[in-house]
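Since the structure comes first, as structure tokens, the remarks are kept for the end.
Order as written gives the chain letters A, B, C and D; numbering starts at 1 within each chain.
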Amino acid sequence: MKIFFQKESFLVEEKFKKFSKTNSTAGSIISFVGKVRPTNNKKSITNIEIEIYEKMALLQMKKIIFKLKKKYKILDFLIVHRFGKVKPQENILLVIVASEHRKEGFRFIEDLVDWLKVKITFWKKENYLNDSEWIEQKESDKKILITSN
Amino acid sequence: MKIFFQKESFLVEEKFKKFSKTNSTAGSIISFVGKVRPTNNKKSITNIEIEIYEKMALLQMKKIIFKLKKKYKILDFLIVHRFGKVKPQENILLVIVASEHRKEGFRFIEDLVDWLKVKITFWKKENYLNDSEWIEQKESDKKILITSN
Amino acid sequence: MKILYFAKLKQYIGKNSDFIEIKDNKRIYEVIDELKKRNKNYRKAFNEVTNLQYAVNCEYVNIEETVKDKDELAIFPPVTGG
Amino acid sequence: MKILYFAKLKQYIGKNSDFIEIKDNKRIYEVIDELKKRNKNYRKAFNEVTNLQYAVNCEYVNIEETVKDKDELAIFPPVTGG
């Protein structure tokens, strides 16, 4: 049950291997990796810059996880979320969840990622070759925000 | 877009690494790993034996994937399903899906795994120390079968 | 016609396939009735393995379906993949 | 009271935090009105960055909420994590 906010890049396969070993008796292991796409609205992205309000992010994340763990029976999870500068094709976010049965794992990870997209106090700025732009919340994510309140 | 039915064990991290490399521009990579649990109904499992009707399994799987790809926009997938004898803590099934957006990836992988659980022509037998038992379809999976028809 | 058996059904019958000759079309339940006449393994298999599923040429069908000599008929208990 | 600014708001104001003194309780919108009097950076920031969110001691609140001197108030545009 670990949460990491880190500037450093990481390899999913290494995290996965370690997580699997410590959860060798789980029946289901589900993972989500969010990566930086190379373009947005046809503009080529140099990197994205993620600013964080760490204290609030941690506190709120612990609360949502407490809630989700009551709702869905899971065995373990790992969250790695990068901040600072992240280049295209690099991983921004990794969530892994181990459970006895897949359904609860799927519900847990999807609810958690939905939450991360709309509630965690992280802000993304896209840097292009000559300018930059703060990312706006997606319409689809706003809807999730409303229904999850 | 690959499907493997194989007797040999495999390492998820290796499959994941290779899949990620060939899908480096995807925004979302989601994976599901199903593993053999060490016990069932308090009986200790020596191994499970999976029997397959391969021709039908492949044909039916191609059909469901064709349908799911029409429904959800995904970029790539990989399926590895073992047959023969599989020991506790080993992987039986790996599904990885790459998509631009996570929601379509989640829907695709969950529908596909649901299908695999109830429709693919594979049969599991659990071998214990002194006897063995063919696995029955779970009630929860039967429900999925009905609603997916 | 080729008939394939899987899992518990195969175990009860004691083999994984049969070849039978079908002159005209036949319903699957008629094929099974004939198989049950062969010996007590077949009878036991078809009586005790419940909730059997049928596939003709790799497509699920029900027991009323007709089969021809060139078909491949598969009979098996509910699958438990994944 | 400590006030934190993030993202576009921080960029417009030109710094990431302020300390102000609050004698009694104050509503968040009253705090913002005072900040806007400081200079045109603040005015621009609070006028142009739309849909601001507020958190007091790491909990989301609305602009009507009262704050005390010991609180930590954070003001920011909608988050875009994940």
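We take it that contacts are C-beta pairs under 8 Å (C-beta built on N, C-alpha and C of every residue); 3 or more make two chains touch, one makes a residue touch a chain.
These numbers come from a predicted model, not from an experiment.
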Of all the other chains, whose mean CA position lies farthest from subunit A? C
Express in whole angstrom the distance between the two chain centres, defined as the mean CA positions of subunit A and subunit B. 24
Inter-chain centre distance, subunit A versus subunit C - centres from mean C-alpha coordinates, in Å: 49
Between subunit A and subunit D, what is the gap in Å from one C-alpha centre to the other? 26
Which subunit C residues sit where two or more other chains touch them? none
Where in subunit B do residues touch two or more of the other chains? 34, 113
Which chains touch? The pairs are A-B, A-D, B-C
What residues on subunit C touch subunit B, complex-wise? 4, 6-8, 10-11, 55, 58, 74, 76-82
Name, in rising order, each residue of subunit B that touches subunit A in their complex. 12-14, 16-17, 20, 24-38, 88-89, 100, 102-103, 106, 110, 113, 140
State the interface residues of subunit B toward subunit C in the complex, per the touch definition above. 34, 50-51, 53, 55-57, 59-60, 81, 92-93, 113, 116-125, 134-137
